[in-house]
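Two complexes follow with chain A in common, the first pairing it with chain B and the second with chain C.
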Partner chain A sequence: MAPIEKAVAIEKENVIVDGMDISGPWSRIFEQRTIFDYTPELIEKVASIPGAESFANCYQCAKCVAVCPVDVVGNYGPRKLYRYAQTGMDLSEAPQLWLCTTCANCLRVCPKEVNMVRIMPAVREQAILDGKFVPAELQQAFENTAKYGNPLGQPQRKRDAWTQNAGVPVPILKDLGRPVDVLWYVGSYPSYHPRGIDAACAAARIFNALGIDFAILGKEEKDDADSQRLAGEKGLFEMMAEYNIATFNKYEWKEMVVTGPHELNAFKNVYPRYGFSRPVVHYTTFLVRYLDRLKPLLKHPIHKKVTYHDPCYLGRHNGEYEAPRQLLQAIPGLELVEMPRNRENGFCCGGGGGGMWMDSFTAQHTTMRLSEKRAMEAAATGADILAVACPFEVSRFEDAVKSTGNEHMRVLDILELLDRSMRGDVEI
Partner chain B sequence: MAGKVLIIGGGPAGLEAARCVAQLGGEAILVEKRERLGGTPDRESYAKLTHHWRDSGEAIGELVAAVTGNPRVQVKTQAEVKAVSGQAGQFQVRIECGGVSEDVQVASIIVATGFQHFDPGRATQFYNYYTFPDVITLTDLEKMLKEHKVVRPSNGLPPKRIAFIQCVGSRDRQLGNEYCSKVCCGIASKQAVELRQQLPDSKVMIFYIDMRMYGYWENEIYWVAQEQYKVNYVKGVISEVLKKGDQLLIRGEDTTLGRPMEVTMDLVVLSVGMEPSAGTRQIAQLLGVKQNKYGFIEAGGPGGLDPVATSVPGIFVAGAAAGPADLNDAFSMAGLAAARAVAVLYQTQVA
Partner chain C sequence: MHIVVAIKHIPSIADELPVRHNNIDFDSVDFVLNEWDEHSIEQAVLIKEAVGGTVTVIGVDVIGELDNALHLALAKGADRAVKIAAEEPGADSHQQAKWLAEAIQNMSPDLILSGVQASNDLDGQLGPLIAAYLDLPYIGGTSAIEVTNGKAMVLKEFPGGIGMRYEIALPFVAGVQAAPKPPRYAPVSKVRQIAQTAKVETIEPGEGESGGLRFLKMAPPVVTGHAEMIQGTAKEIAARIVELLKSRGLL
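== the complex of A and B ==
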């Protein structure tokens, strides 16, 4: 391996010239501009990692860059990564390794099938194994997952504490002692995060109202770890998958319903590689089947303009675009408006591929958070409410509407909207 | 010399093959499904050809005239080959013509069933061809150029800003069309020149991955477009076409600057590539000649160096039935296929 050596300018913290302090942020004009050499080695270094082979396929058409969310807030895209590698960037040591959210919009338009959804986890895994730089906050999420069974670092014994707030029975499989129709996998954020708990309680009330025979795993439930896998921790993922599959298989149930798209992706698309292949659906896909029974329950109109954000792992990764919209449109009075980037071209919130746990790191390399950019797009539609269907998103977008001065726009999970239309006594 | 040569397809390659067979002293039966000869340039109302900027109707008319008045060529229009059996030297062919079946014996066969333009509706729809009326294809524009009436389909007014997007339906693993369609760079540049001639106030831009202007197309088309007609070439293909007011917003990356572009346009032209025609797929099945993974007839012969040999001895291929081809390719292949087909006639006599 012969990385290209570049001249490095001397960077000082404080510069005083003739008594005048001219210290300031580093300017890119001081960075090396001349390209001294091109090297195939650093492209090959990436492409030689199993799973990352397609990195070498890029023919520089640039379709990916225009649809890459990270390029909107920075300087990114598979085409650029290829060219940077060709001119001396070792991806395994570069900050760029951690900026991809695996949102798959590049793959959607790529004529050469350069697959960042496979490349990034593979290169990250190698970087972790080789002891290269890993963002500290991501490392923390890995450790929390290993130690507590969830990336938030919350105690396992409190995983079902939220059920006390639901106001309806939330049966736990272990206590129930009988088969159920639906195993509801709640997920880490709906179990622990205050705003996630709101969605979990809403779901419990909806399932009860519809008379669904369901139960949860309670304290036995642990994180799916799919985002940890995409962030490079395959070993951790396999450990969690082994535990989860054994737990799922302990009980008799017909179908699993998940609150989150990342869990859907894990159990439906990845766990089958580890021997688990039972039916799994996202809650939007599940509830839309009960639309006829649900509609009479949605008694209270919500006279609001609502825009819906397609989660990457529900939409592009799993092809579900219509169920969430059908559920929203079932709410009386609700007006659904679309953002310019929707469905297949939905704009990533920045939470996927481990991005959920790298916001501080990402902030150093981008001009704003993806969730902020998206919140601004949502606000531009004139919407009163930004509706979401992924437990990562409520907290991300609530921060984003505040930081971009769009507090007037509420961020609510579709579950919460349905629940409010059912109950009617809750302010929106 | 004994027997006849059957030529399937009355487009440029088939017409040229028929003329060459006749010039070499053979007899040809030319079968064409449509009621008219002339093939895709005629059916799709091509304006000018990349060949010396010739008027398409006039140039194709000359090819047709060389065949229709030729006593050695029997032309059957509205006719289809329905069954083939036998082998080189003695093929039995059933031709259906106007509801009447006829059995003929031929010594060799030339397939010249051509291509069809890529349908952008088959793609992932990100250029919105079927959503926005002002997103059109090369073939749509060609018809307007021929009539000297280039307008925005949405409002009937002449466009001021026109963009071509290259490689639509070509060079794409996801679509399965991995090949370069070869002619679209030249056609787009030719059309860009015609646009500037017909609409001198218009701005024309071509967004590309690589401009593939091989041989004399470089100086005869590419340089003419850029230098004389001020066509703007931008390296960086467009990712998506969106709506902005009553205009189209095209988004992509200017790769030489590494900067994003968002440019408004009145008209967006998709440079659609080539796919095997329905006729090519059908006839390949009927004749039992091998097709490649894209559905084109596999040419090359055992040594790979014979561009007109198919997998069946005595059956030859010419033009775009064998893969993307421009008129030069079609004519060169037609001449060679005619020579090989007539050679079979000589061998048949010896046997």
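== the complex of A and C ==
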């Protein structure tokens, strides 16, 4: 058999076919693909960082881009980052390093398990250690956490000041001097942020009404620092984890209930690497167990249309989609409507992975905030109330409903809705 | 080029300041690095990066917890950390300046930096007093210092947005108002690594009292009045404002 001859493009200055001059500029499509002009060096640079190895797994199918929330408001996604690295972007010095919220929707669809939830913290940590650019607001949150024990920069001594507004007893473990069933880890935003405090007070009233034997750490409680870890400050996270684990272990309790999904992720999935493995649940998972006792307490109907936003760290990261919905549906009169992107495909509010402290920075690289996009999606359902289950979200979405002209829609934590149905004396 | 940075560990004002007898109840407050010292450390490290040399950070360890601040300074680029083990939380800037000057004298510095003031006593005296003890010139309120050939170009801030450049021969003492760049961030993992490996030198405080202030009494300010919130319609509010202005003879 004769050897097969490969067709080769021949470049000519002038071409005349059947007497007609068809000369023209040379087209690149006759040549090798431009991909060969580039080296894989910058991809390898990322993949050589421990934790970021899977970056090199990408085979550029781009399924991730279709589900990446940041791509909806910008030009982003793991496959795009891979391409940028291929064509000259050093991720450790690029603004793109700080835009990922570690929402994990890309990982859900990635056939090659390119794991941005591990890649981003690893590359960010390296960038921070090498003294590369860190957004100033994020640096402030790091410094506040290191100095004051919370990213808001509030004094440690005021951590339990909110309990005065609860109207019910909120026992503190140190003063109680006996074992309890439930250690309630309140969290930084429910302890200090005015709208977070509303949710904390609501939780205290619900726990009391259900007769739960609970207590909080009070002034001994400090931030979980999981979002700081995902933003690249592993050392800070480890420092906080060591303190928190020692504090948790000082007391006898059977189960820990957390207000926030980020704390759930920290204590349930990450602290075990540092020697802490005691039962931890999110408040929605916890309260849904008491549904039979809770329902008779929900005496006052709330005749409102409510849509629920799945927090990334409660849903995708920890698989809890139904408990929040069951709690909402237990409220008489309440009509639950879903946004098109819900449950496993829930759209990120932009607060995860340190995004909570980078709003001004990300605004320079996106067309709108993720929280604004999500608030518009919620408003499009015709909902009167956007219900949330993460302490980052109330303030994010309250800003977003204002900036997108959707102020008619209230933003309330599920705890606040339950509390209002229980008490009935507050207008919604 | 040897730069010495004199720092202060001061009560944190993030919390309420509890008063006991005639001073702050030092057992009930956290101590932090003085905010202006973060700028003097940054300024020192910037000079070191520009012209080379070593940076020594020194402070009076008034409550025995200065190590954290010293480790932070090392993580940001300082080369040597020294603490004067005094354990006197009430030591004022006069006393601290005396101890610091005695220790710095043996270090043959080319440049001494201190924060221009500290939020505990706000007298801005630490730098000038060190300069006086060491018989060196002092310049305060600096916002940029560049060193070349034994001289420094110093930008000093004045009120009203006015700045002035000075050329000063080394050695001298400067009270840093601000570094030309915001203080850099030291990752906690780096600080923790340094905490495990670095050696902080300890020296004993010198004998003898310094001049300075004596505390006779300390008390939280007494609230004597408060703002009146005027409520009502625009007309009612306007009427009340007119009434108030008249009652004070202003109309």
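As a convention for this text, the second predicted complex is superposed on the first by the 391 of 428 C-alpha atoms of A that agree within 3 Å, B and C clash if a C-alpha of one lies under 4 Å from a C-alpha of the other, contacts with A are read in each partner's own complex, and residues count from 1 in each chain.
One rule holds in what follows: contacts are C-beta pairs under 8 Å (C-beta built on N, C-alpha and C of every residue); 3 or more make two chains touch, one makes a residue touch a chain.
Nothing here was measured: the structure is a model prediction, and the numbers come from that model.
After overlaying the two complexes on the shared chain, residue contacts for A:77 are found with chain B alone; chain C is out of touch. Contacts of A:112 after superposition on the shared chain: chain B is touched, whereas chain C is not. When the two structures are aligned on the shared chain, A:246 is found in touch with neither chain B nor chain C. When the shared chain is aligned, no partner comes close enough to touch A:15: not chain B, not chain C. Contacts of A:157 after superposition on the shared chain: chain C is touched, whereas chain B is not.
With both structures placed on the common chain, the touch criterion links A:168 to neither chain B nor chain C. By the touch criterion defined above, A:139 lies against chain C but remains apart from chain B after alignment on the C-alpha atoms of chain A. Once the two complexes are laid over each other on the shared chain, residue contacts for A:337 go to neither chain B nor chain C.
When the two complexes are laid over each other on chain A, chain A has no residue in contact with both chain B and chain C. Across the complex, chain A is touched by residues 14-16, 30, 32, 182, 184-185, 187-192 of chain C. Considering their complex, residues 59-67, 71-72, 75, 77, 79-80, 108-113, 340, 344-345 of chain A touch chain B.
Chain B contributes residues 124, 126, 167, 171-175, 209, 236-240, 242, 251-253, 255, 258, 260-261 to its touches with chain A in the complex. On the chain A side of its complex with chain C, the touching residues are 125, 128-129, 131, 134, 136, 139, 142-143, 146-148, 153-158, 233-236, 238-239.
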